[in-house]
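Two complexes come next, and they have one chain in common, chain A, joined by chain B in the first and chain C in the second.
On to the complex of A and B.
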């Protein structure tokens, strides 16, 4: 079918807000020094590597192929780079702000780990919304994050913090059979969700080991196209027993359960029109997130509300 | 002629054998994806392939027999109506609003499942369809324009016996019929029918498979040489405006519609049953377990009766009516003067007695005719293999109604016959046991029994929100001697309620439309939020905790203790 006309529509150029955001493109220590790694961000092909100093370098991909040997010193036309939370972040536009803070990451007794990067055939905002959602626990993460018959999503609070420009959901409670690698019995778990970036979210949940502290899990979405993304997962845990490998495997199991559901969602872009889908009270945080995206003027990976 | 999203032609979209027991098949027609499933009662459902909640394909959902359950959040949709019957994230609420998936017309005939983009045209079988034992060939998908596929099929005909082109992308070649299912602008499926079951099925199927595979290769080579038409882009219909905003817990006033009494029979001593059906044989609206309907009686009275039906059972509603010797008005008229074939107006089902399905133990306690909503609940729990116990208290063995329906349940069903008041109390005490987390009890029966069970449960430490009850009627004497003012916050109106008149009546006289049903403080329809003031509760709907909170009231009977009430109306 080589002579068949390509009918795919032209990609929607990212809106300025989306273009000027920082995005994770790799776990920094997984970038091979002296070798080219390739990826895609906002329909743009990127190449990346690490220099002799270990610092990541990212640039617009030319004819480089994955695995090519390269000296980072020879790359002069570079994209901005930030190294944060174990990940390499870049920006295609003019990064206009600092990255959102996750202060817990710096606490000395935490186990911080990247839990892999998982490709998903769905828009990044759909993946964020799934991360905020508790109602699916008993059905998708059966016997881990939830189990029938305990399906109730109790009333919780949502606000859009103007000062920090983020969506914040608090007092989120759910009965979980096995909330974390270190949990052994069912308990009501309390969550706080933050959406500090249109394509990133951070959750705080009761820590089975220490009642006074919270485990932190972050999801950083890399929108590859409007309808596909990579999810980069961060865990920052209080857990003196489990190995990093076990904790990673736990999180990958969870995400492996979400992936087939997300890839069966239609439309793949997130509809911002309130009449596109049917929200219930449990979806308060998703409703706030959709409104927040609308107000920011984000059009990439979403179906904007017709004006 | 290019394909149109609104093409009213009926096309085959699956073979009957694509729908084995409890399967969900993913079908496609005119650019749309379809979730196709057969319920245990044999009915085939063809729905838009996405859950209205978050757009997840329903074809990856679970066919529970009479309901389809979405994989993502466990929402349940009823056989036939595609109406949502349960939202697990809010187990205590009946899905109060009409959440209904988009359905497509369906007909099963000649070994195939047929559908159309809309119901503009009735299904008409092709010429010569009747009287044959049609045998469906294996479907052959082809990446080519449907019209080109029709032309390709026609060219298979030998010169001396040209093909007949039939209406609706179909071709007859000798005795064999080929229907082309237009999946999209450039994709089709060939579905063939033989007029009889061949003696050697495998050889015959293989033969036609070879012929059609060759045709497919030719058609796909030709399609690759020309420009493909743009795919059809179906629009997802928007949900109604009231579904788009976050719902309050509100009970809408249903419309009334006419049903015909299909059957009336003596169900047990003192219980008459009525089966009510649509006059044109269509299915009735979705209901949830515990729901009741208002029945408008020939003498102008309106009475409430619980539905006894199980999940996805929408071809008729079955109610049970108590035949009381001294019955005044309602039941008497129904029992004595309504006959089979009569037409009655009923309301859409309303549910003020919702069943939670997030319990570790569900205890259903019925007294006499109170069995009706609990039978429905037991049937829903039964179909979902959720644990439950049903205890049915009756005066005498001949009073046991719905015997055959109770016998087919798989859970524990105990009938307690002829127990005296004190013995019932002891029994209930033993059945309830000390309260444990996620235990729920549902009671329906005479007022005295309901009060007794509530008392016993409270003494055993059961919290109010674990004790669910529905009264048939409010036996209390209503004291309407007080007079007070009501301030309607949303309507910006202040009204005076004089002695002898209800809040509901006062609001109606002022021109407001407010929902109500039983108007005696039993059914819960006129539930209103109270923003300020102390309520003089006279209903039997709210539980003690709810009454003590002074945040809600039934406007049909309850009044004010304070001089003024502020209502959220």
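On to the complex of A and C.
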């Protein structure tokens, strides 16, 4: 084994901004209490479990194997942990005290659920960018999130909120044959996209069941290496009829369609040089996102702009 | 009424959805939360199939499991043309031989996909190598077939359940890090399967390009 490891290129150390961020590593309910689960974050092997109190514990993995029995009490050298939005978040550096807010999650009549943590062979920022893109709806999510001939991405607004340090795209509209599990007919759906974290995005879309409210879908990317990540999908829905299982299935169907498209993107890292790829008007939010990453000094999972 | 216990992202479940779509057979779906819920290991599901595997299909009082077995059942019972599972001893043997290959494709290509995408503790490299070995043999078999005017895995001049059984995890191989670039005859065969009348997709498998449709 040893000589094999040496032939692999040394991973780039993550830049300080990336290193100090909070990342989802598991849906908390899916962590088996008293058993080791293993994963990777920023080229670093992690082990995790839950204690008798149900609280997640994460640490740098030694010789633990997935499925080993473990008493969380015996783990003294722990990484910082937050249990938020149904997920276990951790950090390899020095994290901010707070995570970005998703206030809707706490509304009592919402159905909140993880839709699975799915590995994808692409950089985390490429996955964020795909999440922001409406142009692919009719072609990739045919007859669900879009259908020909309604392929136009209408003019929308993008800003970077100084106060909240996040990219915000508003007034995004799209005609969708089946906007959600709860949809019974085609509708023009309005979206708001937030990118409140370099590797996380949250979207708000018109709710088929209640015109005055919005369904919330979050994608939290766990960068495993610069060119691979796990996507943790959160749904926070207003839907009094569908079961959690049905809503999960709907979201997994969508994500399963995105996966091969994402994995065929080349290069797998996101190029930040504005001349590297040719954007169209519909890519306005992607342009703002790339610029925002550049200004933050993020170099992990991206091809930085030549200085 | 036919009921399929189904997980959208499962290639083995898709085999049955695909054949039933081709045969224009109505059926109901009962979703099973295979991932992340592991519902195929739950008590209620184990009562349907003690092996804890998808898919399960119920037809009246019959409860069936194993995708290859169910393909044979559905075709024998509902395909009036008799083409999909021909009632001929030599051809039955040929079709079942490829159903077994389909299981080997599941054990390799699907295992690599589950390891990379769904955090299953399978040996990725070994699974990928195993899939390449099978794809190489299939590519040769199909290449020689094309030279002899045979478009499908088995001898008849039309597709059989063998083609349905082998198709999904060939198509999903890239999710397991297994490229099909070196298997041109295999790729041409996947295009032919995607042009079978009644073909339907699953998440991760796209229809064949319309522009290439033969007149």
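By definition in this document, the second predicted complex is superposed on the first by the 298 of 307 C-alpha atoms of A that agree within 3 Å, B and C clash if a C-alpha of one lies under 4 Å from a C-alpha of the other, contacts with A are read in each partner's own complex, and residues count from 1 in each chain.
The criterion applied here is as follows: contacts are C-beta pairs under 8 Å (C-beta built on N, C-alpha and C of every residue); 3 or more make two chains touch, one makes a residue touch a chain.
Please read all numbers here as calculations on a predicted model, not as lab measurements.
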Partner chain in contact with A:49 - chain B first, chain C second, else both or neither: neither
Which superposed partner A:88 touches (first chain B, second chain C, both, neither): neither
Winner by number of chain A residues touched, once chain B and chain C are compared: B
Contacts of A:245 with chain B and chain C, given as first, second, both or neither: second
Touched partner set for A:123, first chain B, second chain C, both or neither: neither
Contacts of A:18 with chain B and chain C, given as first, second, both or neither: neither
Partner chain in contact with A:235 - chain B first, chain C second, else both or neither: neither
Shared chain A surface residues [contacts with chain B and with chain C]: 260, 264
Of chain C, residues touching chain A in the complex: 7-9, 31, 33, 35-37, 39, 116-119, 121, 174-175, 177, 202-204, 206
Sites on chain A touched by chain B in the complex: 1, 3-5, 7, 129, 134-136, 138-140, 148-153, 260-261, 264-267, 271, 273-284, 287
Chain A contact footprint on chain B (complex, rising order): 33, 49-50, 52-57, 60, 71-74, 87-92, 99, 224-225, 227-228, 230-231, 236, 238-241, 243-247, 357-360, 386, 438
Partner chain C, residues of chain A touching it in the complex: 27, 30, 39, 66-67, 114, 116-121, 230, 245-246, 248-249, 252-257, 259-260, 263-264
